[in-house]
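A, B, C and D label the chains in the order they appear, each numbered from 1.
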């Protein structure tokens, strides 16, 4: 087994590991970390497989990965801002765990968003 | 004056003569009564004139057909053939009369623009059903009819009205689905859906007999919902909570008639009567119709609510049309088909009268009708004519239908139909005569539930004239049945097309 | 020379991008700029359509390199129709948003919406699976930011979930891209279609990309994020998301299945069909159970998306066309429904179905829009939904897979039940209990225009069907 | 196969396993702060892996963006989370509730993920050995691209369209963040003397490094993104030392800087199109200078954008209350 292949397999494992954490952990910050780990796994796989050949290195996957890294930080930044805003509004940095069907009935303990709480009272 | 393209555009114009006024009326403010009335009556009259031209043109050998490609290989076809003319003429005439009645009936009530808008759309859909030149077009307008009738039924917005609307939808949407599946399936087998006299299925499909039987059942179930065939009739008595003009429309002009007309189309122009017989589906249909006839009559006997009784009467009467269609034989077919017209005219009279009673005196129940004939003699006279027609007393229109039906059944060797007819007539008498007795011979109660005064006339003219006209028409239809251009003669002509190869 | 290099495909992508920059740079003028640009974009889509209809499918090599080194733009009937429906819905929603968003939110809405539009146009034109990944991310982030614009706890939570799901989907997709690239040395769809063979890597790529895109398309059971996100977003955003954004990922899926994964994937196709059927039924039942109008519409989307996947096991030309037709009419109808629901919400301050409070009389145009759009969703005539359903039924019966017919029928009945449940509640005699806020006429008409477009699709089907044939996008996937 | 010395083999294996271990610990650690620090370490080791994979461009980008700036973003967010936690209930932040999934679900999940790993491994191992990729085409066209670094050539010429859209993604993130939050007042935190001094020293140096990376990108590892990232690091450092953009800056000048890179990119291609080039086609004679022009603008914008991402909201010169009140009002029309 070449080391490149080994890196590719590492990438695949990182992807799966991140996926597991994404599903298992409730805290959004951890989910965001998990997404980033998954991303790193994909990038690793993308480049490691390209290096597999004997020929001159293939720059296209490299460019793709740089693009991917920039996209990843954009997404991470947006996710973090959203998380902070959600925390500010609901007091919790977890996803509303209620099933979507009960969305309208949820928020028993969310204290802070005045507007939506008032709305709920009108109902 | 007849440029060629009139042969193309006339059917569309007939459709537009109610569609456009209907759409315009939606946007009229509530208080523009004159404008609305003008649009309503203008559209109705124009449609009548156009239908007149259409009939005249067909007699002069014009072939009216409008085609518009919906899908590759599938057109929207509006065509004036003999059968469609019958139905178009019926709805055009009755629509005008019903419009007059509705204007009088709804005077001063809220949301009239909405009501009349849908009213016009309803007739548009009916005319579309009548003029449909293939099963696809038929299906389109048939479904449209379902949709535009719903707001009319729930118009009052009461709890009962909405419940009736829900039940109506449950039945008709399910029926529409069945019709849709049958149509698609048939299209897949036959590759065409064009109505032809004597049917297209036999020519285009070889084999597939089991499928064809299933499709037949699907199609008949689909249209049978609106025709209130036995297990599918449940919505009709519920829908009587709607206003009287709507009931008239449902029972006589549009919905029920469209269903019955659909059965005729399916049996004659889709399958062809001979092929239907060879598939073995005609006799079960006839038996189903016979059962419906008796069942409706029996149920009608036990209703105290006048409109409910009339509704069950419709369940029974419409199946005469089905019965006539399903009995193999031209004479019975004449009887069935002519009943399409006769039943319409008679039943609309009865509903108008019931509406008058409710509107003028607040009388809804038969038990409240004691002596009502003295208070409203004209209305009850019209009612009486309609009732006798329904019973089938000669020389009323209803008699003609039943006579031909019986004769045809005997001719086709289906003697079992005659007792059904006789029994049904007896039942008809049993549920109409007591009403008449009460109305004419009993002493009126001290006061009516909710009386309104209209001066010297018994009720407002807009309410009184329509039943008188339709009552007169139903007399005329019976008396002049053998005159040229009478519906009877027309139906005979249609039947020769369907039966003679 | 100039005429040759100038391409309307590029214009269609660059115009909304420039619009986004301008709207961001000049926030005071953002609304008007946005509106003017919306018209301009729609205009250029029309010109592009004219060009494509005359010249057939067009391929454009960005930078002049050409695949596999460069990125190609490709427009055929399929992508053209998607562009056109985006333009139509986008234009109307832009007009609606003029009245809907007041100054504070408008500053953020317009640049985000223009970037969303950029993403969709770029996505429908791209012929390169890695480029598609970038457009997908652009699309997803823009959509999330737009949902979060509503600001409430529900909206923020829904946006957060949506973002995570969207990223997960993108990464799955990207992993598939990596496998395909290393199998065949290209990311161009057409070249992949030529070179593709059945290898474990292709199978893995198919599974990963399909699952990733299904997350974004919200096919049952991956739909969990959709109802809260679509229901809690501002009305124009709900319309855009439900009508267009979920369709974008479906489009990629369709392309991939038609071109790259078309060979021997019947079992997978059956699985997609089964999931689609489950979505139709589950979405319908859930919609029926909702007490809020916007949640109902969102679940209706879940259900309608299911129909699109019934096409995969049928895989005949007619079935693909039916699916696309359903997609287009659903886009129009669903946008109309959400806009109408937005009007009702603005008007009464709530969207509880049980007390719609005589909106039939008080907001007749919006209710009409809802009802007409509903007719299309039910698949009753005259509407695009009917045509699509007809073709789908036809295709199902012809393929002999009659069990899909049952699904389609039950789905239609469920749709009728939940739509008429709403309409029935608007016909009450209840006393008016709420002080209502007047709704600008332009908002009512916007909803109605889209609903009428959905109805017109039921009358003029030949034209879209003819456009679908340009470049024969479904030719390869035929039976 | 090249001569694979046992040493390098061992190094790779150790690196790979460490990466997995770090990722695992980062995701599983009880303490979020620890998790983030481990994640940053993970990012740095990733950079090392990129070097091992002959990808110095990515290594730079990873170190600067993937580990550095992402880490700064994460730590900044965590700080805000914890600042908020003092005033509110603490329970959910410190010890995240385990997602209440049943055992069956967990078992199923593990099973599915194992299946996924098996599938991926099988697919990777079975990949056709000769996957030459596009290196040949790149090499063929490199002279026409205007730069000699093939990665830069790919990013800014062959696949420049991707890069254009990617910059739109960056802008989008800023737009989204600005719509979400308002940075209200300077967090009057006095920087430590060391940090202050450090920043005085570092800022000019970093700007210099950034310029160098930009310049060198045309023929060696480096380029707009790496340069932009270093620029952003400068910005982040400034922010950390308590510097906040002046009121004059946060209006249109800031917005202009944010869109500058994209605007130049679009403008260049539009002007070229007027002269008959196709979309994003650079005439070989001009390509080098044009790419540099675009890169300069892009690096500037990327730097400002990434800094803005770290700032985490829309800087608000006016009293912030108006934005707040309006937000509430409009959200009142939404269903709760």
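In this text, a contact is a pair of C-beta atoms (placed from the backbone, for glycine too) under 8 Å apart; a residue touches a chain by one contact, two chains touch by 3 or more.
Keep in mind the model is a prediction, meaning the values are calculated, not measured.
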| item | value |
| --- | --- |
| Contact-richer chain pair [B-C vs C-D] | C-D |
| Distance from the mean Cα position of chain C to that of chain B, given in whole angstrom | 43 |
| Centre-to-centre distance between chain B and chain A (centres being mean Cα positions), rounded to whole Å | 64 |
| Inter-chain centre distance, chain C versus chain D - centres from mean C-alpha coordinates, in Å | 30 |
| For chain A paired with chain D, centre-to-centre distance based on mean C-alpha positions, whole Å | 14 |
| Per-residue overlap in chain D, given as positions that touch at least 2 other chains | 120, 124, 127, 131-134, 138, 158-159, 162, 166, 169, 172-173, 176, 180, 328, 331, 334-336 |
| Where chain A touches two or more other chains at once, by residue number | 15, 19, 32, 45, 49-50, 52, 60-61, 64, 67, 71, 74-75, 78, 82-83, 85, 104, 107, 113, 115-116, 119, 123 |
| Residues of chain C whose C-beta touches two or more other chains | 130, 134, 137, 141, 144-145, 148, 151-154, 175, 181-182, 231-232, 292, 295, 349-350 |
| In contact (per the touch rule at the top): chain pairs | A-C, A-D, B-C, C-D |
| Partner chain B, residues of chain C touching it in the complex | 358, 360-361, 364, 375, 378, 380-382, 386-387, 389-391, 393-394, 397-398, 405, 409, 412-413, 416, 420, 423-424, 427-429, 459, 461-462, 465 |
| Chain A-facing residues of chain C, complex | 130, 134, 137, 141, 144-145, 148, 151-154, 156-161, 163-164, 167-168, 171, 174-175, 177-178, 181-182, 224-228, 231-232, 286, 289, 291-292, 295, 349-350, 352 |
| Chain D-touching residues of chain A, taken from the complex the two chains share | 2-10, 12-21, 23-27, 29-30, 32-34, 36-37, 40, 43-45, 47-67, 69-78, 80-85, 87-88, 91-94, 97, 104, 107, 111, 113-120, 123 |
| Chain C partner contacts - residues on chain B that touch it in the complex | 26, 68-72, 76, 110-111, 114, 139-141, 143-144, 146-147, 150-151, 154-158, 161-162, 165-166, 169, 173-174, 176-177, 180-181, 184-185, 187-188 |
| Touch list for chain D against partner chain A, complex | 1, 4, 8-9, 12-13, 16, 19-20, 23-24, 26-28, 32, 35-36, 39, 42-43, 46, 49-50, 52-55, 57-58, 61-62, 65-66, 69-70, 73-74, 76-78, 80-81, 84, 88-89, 92-93, 96-101, 106, 109-110, 113, 116-117, 120-121, 124-125, 127, 129-136, 138-139, 150-151, 153-155, 158-159, 162-163, 166, 169-170, 172-173, 176-177, 180-181, 223, 225, 302, 306, 309-310, 312-313, 328-329, 331-332, 334-336 |
